[in-house]
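Common to both upcoming complexes is subunit A, partnered first by subunit B, then by subunit C.
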Partner chain A sequence: MNVGWSFLIFLVLLLIPWVGVGVLGLQGLFVTVIPYVCFLIFIVGLVYRILNWAKSPQPFKIPTTCGQQKSLPWIKHSRLESPFNTFEVVLRMVLEVLFFRSLFRNLRADLQGKKLIYGSAKWLWLGAILFHWSFLIILIRHLRLFTNPVPSVIQFLDYMDSFIHSFGVPPVYITDILIIAGLSFLLLRRLVDAKVSYISHGSDYFPLFLILGIVITGVLMRYNLKVDVYAIKQLTLGLATFKPVVPEAKIGTIFYVHLFLVSVLAAYFPFSKLAHMVGVFFSPTRNMPNNNRADMHVNPWNYPVKHLTYAEWQERFREAMENAGIPIDEEAEKEEHEWYTIYGPNKNLNL
Partner chain B sequence: MYNAGKVIIFIVVLILFFTIPMWLNLGRVEAIPKPELPKDKAKCIESKEYMRAYHMKLLDDWRKQAIRENKHVYVAKDGEKYFISLQKTCMKCHNNKEKFCDSCHNFVVTHQDCWSCHIAPEVAEKWQ
Partner chain C sequence: MSLPKPDELISDVKLHSTPAKDWMEIKPELKKGYYLSIVEPKYLEELDLPHMGKWQPYDEKWPLPDDWREKVKEELQRRLRINRGFKLFMDICVRCGACADKCHFFLGTGDPKNMPVLRAELVRSVIKGEFSTFGKLFGRLAGARKLDEDIIKEWFYYFYQCTECRRCSVFCPYGIDTAEITMMMREILLELGIGTDWGIKPVHNSYYIGNHVGVPPQSFKENLEFLVWEFEEITGIKIDLDKYINRKGAEIMFVPLSGDYFAEPGIYTMLGYLVLFHYLDLDVTMSPFATEGGNFGFFNSLEMAKRLHSKIYDEAKRLKVKWIMGGECGHMWRVWHQYHNTFFGPIDFLEVPKSPITGTVFEHAKSNKIIHIVEFTADLIAHGKLKLDPSRNDHLVVTFHDSCNTSRGMGIFEEPRFILKHVCNNFVEMPENTIREKTFCCGSGSGLNAGENMEIRMRGGFPRANAVEYVHKEYGVNHLACICAIDRAALPTLFQYWVPGVEVGGLHELVANALVFEGERSRDVDLRRRPLKTPVKGVD
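Then we have the complex of A and B:
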């Protein structure tokens, strides 16, 4: 059901540029207005999400840990599993973002008769890392279409990605193969594994279809349904330099499908699960050090509560105390302490 | 907003990363080169659109046919016959590799697979 709906939406999205360009001839709309608007939605949407996260108060220090926290000097603490300071948090975060360290700990759970058996499951990690790294390299590699003297770094990346010349002309991009492998695994996992399928929503399938659609149209353009790359670069360079042009030469419809799907992905990105790209940096379970005992974490939505120190209280009831024979502590500290309580003002203290 | 300093730096880095295509060209963008077409010929062996998009596929097919299948005649879509040869057919009109092939290929950063075996006319001239 979830698969069907998201695939249907994907098909509709596929048809929009097909009809819009192939039949109605609205090239101008699809190469200038839609990409710019979608890119703007992408940036503004991400900033909106970030500000929203940054404004959320963080009442507790809740890092997830799975190692010995820093305590007595002679107990060895786990710097990555239970980071104590910012540096260790950064280290853990870098490994998390670049190598998906927590996903590497992924386990599978199976019932064997009445026994629940846990086992190692690295396939999800492998599929995820293939997909994410390939996607990043492909994204950077595309800069060859957006810069005119193409920087040598990008030329080098492009060269490294296509250094296998064994499969004919044009040389195959390694990332093309890897991203299809990764995405196919991630999709099949949701379709085939009943446990994962049960918890999959349309919003899990849709990005997979969308990105797979982008990849397949891109791969087709490179190897089968050739398009005029010279005209495409005129167009993309125009977009990057804010002088958008619709090239005179005819470009195959598949290019417009590719561009439209990328635009849709950009616009969809900030408001979907894909926002984990920036969300990971705002995960309180990841971005906080586990130093509860060394640094007090003040709940930001607490407010100062009116209270009496013992000295003030004693001063107030001195007479009654003396009459009742309760000893007076003359050395009680007079200074006021700043402290917080979970009790609201005038709740339990009758001031 | 909590940790405002760090968050603002993060947002700036994020925006800078995703707008690379927009600022990487600043002050260094060059005019788009135009390939030099043969002046005395009006038409290539196939239509202009086909040649622009599919010339590499055509050349690849030619290579397979000439070298692996010993076929040396290409029949174009309009029925005309051509001798399958890069140097004797293509380069007869497009006689300057640098001004014709390289101008576009360097512009879009695609690598030609021809010149590890074939010799461009201008290079051949230099050695004769």
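Then we have the complex of A and C:
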């Protein structure tokens, strides 16, 4: 049901530019106002999310330690899994962000009779890597539309991505194939795997549909429904230099659909799970060093709490202690201490 | 309480099929044997905590305070505001499902709400439904729902079916730590006045008496006297206890665990510590008040964790020691390692721990001045300061259980193994995917080791027991060593149920077994009076 609704919403989104441009002829709206507004939402939204995370304090240093701590000098500590300093944390983060290291650990549990078996399960990792890396490369390749002259780095990437042409295969980008493979796998997995399907919301299918939609319209534009690339470049350059022009040549409706879906993705990005792109950098279980006992972490809202003092305690047990021959501390003095609590009848602190 | 036979217990577990109904439509059904009882209100009152009167989870209508809805919303928002981790974990899950089959409670029940991702969704959905525009607009489609009384029951049920073990966090591509979420949610339940009997009574004991089990100082001493008397009976070696209790000016303050001087098999670990101290003639003492390194407060709220452990540094100050050493315990070390310094630092009235025997300075603990006894002993062995005869543990085939807290909340993996390899000859690892950072919880951690929830404990402990069963059958393992007092309390029950024939004990019990004393006398039993394979030949 979740899938159905989310696909329906996707279809509606698909129809909007079709009708808007194809029937109503609102090219101007779809190539200027909508992309600008959506990208503004993207930027503002993302900055808002980042600030929001950044300004909420991380009260404790809670790295998930997946390897040997640094302790005695003759014990080799795991620099990646139990980073002790900032450099090691950065290493750990780089591997997480670029190679999804934690996901690579994935296992699959099976119950055979009364036996639990754990098998390797790298498919999710592979699908995720294919999708994300292709996405990144495609995104960078797109910069050729927004630059003039095109920087040689981008030209080179473009060349690399299409080098299989020289083997006489049809002129396709490798990343186009890989991203479709990756996305299809992720989508199929979501539909077929009982557990993943059970935990999925409509909002989990939606981005997959949306991105698949973007990829497929893009691919179609390139290989089937040829569009006027020169006109597009005029348009994209105009957008990038804040001098938008509505192209006179007929570009082909498919382009407007592509651009519209990209705009939707941009606007949707900051307010959905896609924000994981930035969020991952903030994850306290990954971006903090395991050096708690060597380096104090400050919690800005740390407050003194009510506790029993030794003197009060000793008073209560004095006789029993004397009988048992436990030394009494005559110097212990009863002291009042300042305390706060965020609970119950004596609540006196509002964080 | 009677449980089904082990073979039947998990026959209903299906790991690869899910209910026909959407999880949001499944009302919580509180099954007997799965949940903890609620504590008497007077305990909460005496700890200045709110309560809901006398009631139990099986009551049809829970006596929630009138303003429970506002309270829950306010407390959720507060925690989103002051705790970045919680906020982030609520925001960025992509529901990839990598964590789904990593939780021992899911593996032992097959209940989809025990998949870490759904456990978190139980709250995430409410946060979306109550606070987010998207969520309000799209409802179920965006995974959002409105707060209602059943949700409180659901929270109680499932956040007390999580042992805060962090196994899910190892596998999550963003490190989303469901344990953190559980901690926050238990705090919010506590704000409403919902506290469990097994979770709060130990807190009360620890607060007023000094330790979870409520052993007063005189009995603390008596228990230790009994232990050293036993030791003398077996070995003829007399340990003088007096200097170890409430002596001012010692170099080190040692903090034990109540589990280790309260019941078998923990007591042999306690004895192990004392034997080691005696062997080294270590200048160490214990406070009769800070007799608990563990911290059940941590299972209720961070504030309570701090309230219980303030006494540890206070006592170190009063006893004028130089540094602190802690015993073998799991959650205790999560708190001591990851929280103490932030709670109580800077600790400038103590010195950087330095072993008086080897001269090693424990630089990694230079700020909070606390070291683990396992670190201390590993250092001794590395410097050849202990004369050990591992064959004295030859009657045992030992495996090592990494406790979840010390593994994923501290990273102490090699020190205990190093010690083990020096104190016994037969050491076998459990299968790779069930040890070290991937270790399985005992199923009874975080305040779940009560009697009334035995079924969920046996189910949650199933993956651990299953791996032990493997090495038991394959290699004849008959002893499991661990560095956690809750393990020592919970695992014997678990193994009795799943793998009879495997005993449980701490590391320092094995150390003490293997220690060779100058001029010792002959004996043919170990510290538990189990027959040795080759009797010790002494000088008598």
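In this text, the second predicted complex is superposed on the first by the 293 of 351 C-alpha atoms of A that agree within 3 Å, B and C clash if a C-alpha of one lies under 4 Å from a C-alpha of the other, contacts with A are read in each partner's own complex, and residues count from 1 in each chain.
Assume contacts are C-beta pairs under 8 Å (C-beta built on N, C-alpha and C of every residue); 3 or more make two chains touch, one makes a residue touch a chain.
Because the structure is predicted, anything quoted here is derived from the model rather than measured.
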item: Contacts of A:Q58 with subunit B and subunit C, given as first, second, both or neither; value: both
item: Partner chain in contact with A:L145 - subunit B first, subunit C second, else both or neither; value: first
item: Which of subunit B and subunit C A:H276 touches, first, second, both or neither; value: second
item: Larger contact residue set on subunit A - subunit B or subunit C; value: C
item: Which of subunit B and subunit C A:M321 touches, first, second, both or neither; value: second
item: Partner chain(s) touched by A:K226 [first = subunit B, second = subunit C, both, neither]; value: first
item: Overlap of subunit C and subunit B interfaces on subunit A (superposed complexes); value: 56-58
item: Residue ranges of subunit A touching subunit B (in the complex, touch as defined); value: 42-43, 46-47, 50-51, 54-58, 143-151, 154-155, 158-159, 162, 165, 168-171, 226-231, 233-234, 237, 239-242, 249-250, 252, 278, 281, 300
item: Subunit A residues touching subunit C - in the complex, by the definition given at the top; value: 1-2, 5-6, 49, 52-53, 56-62, 64-72, 74-78, 81-82, 96, 100, 102-103, 105-111, 114-116, 118, 124, 128, 193-204, 271-273, 275-276, 279-280, 282-286, 290-299, 301-302, 305-310, 313-314, 316-317, 320-321, 323-327, 329, 332, 341-346, 351
item: Residues of subunit B defined as touching subunit A within the complex; value: 1-4, 7, 10-11, 14-15, 18-22, 24-25, 28-30, 32, 49, 52-54, 56-57, 59-60, 104, 107-111, 113
item: Subunit A partner contacts - residues on subunit C that touch it in the complex; value: 6-7, 10, 13, 15-19, 22-23, 44, 48-50, 78, 80-85, 87-88, 91-98, 100-102, 107, 112, 115, 117-118, 121, 134, 138, 140-143, 166, 169-177, 180, 190-191, 207-208, 210, 216-218, 221-222, 242, 245-248, 287-289, 301-303, 306-308, 310-311, 314-315, 318, 337-339, 341-343, 345-346, 360, 362-368, 370, 375, 378-379, 382, 407-415, 418, 431, 433-434, 437-438, 462-463, 466-467
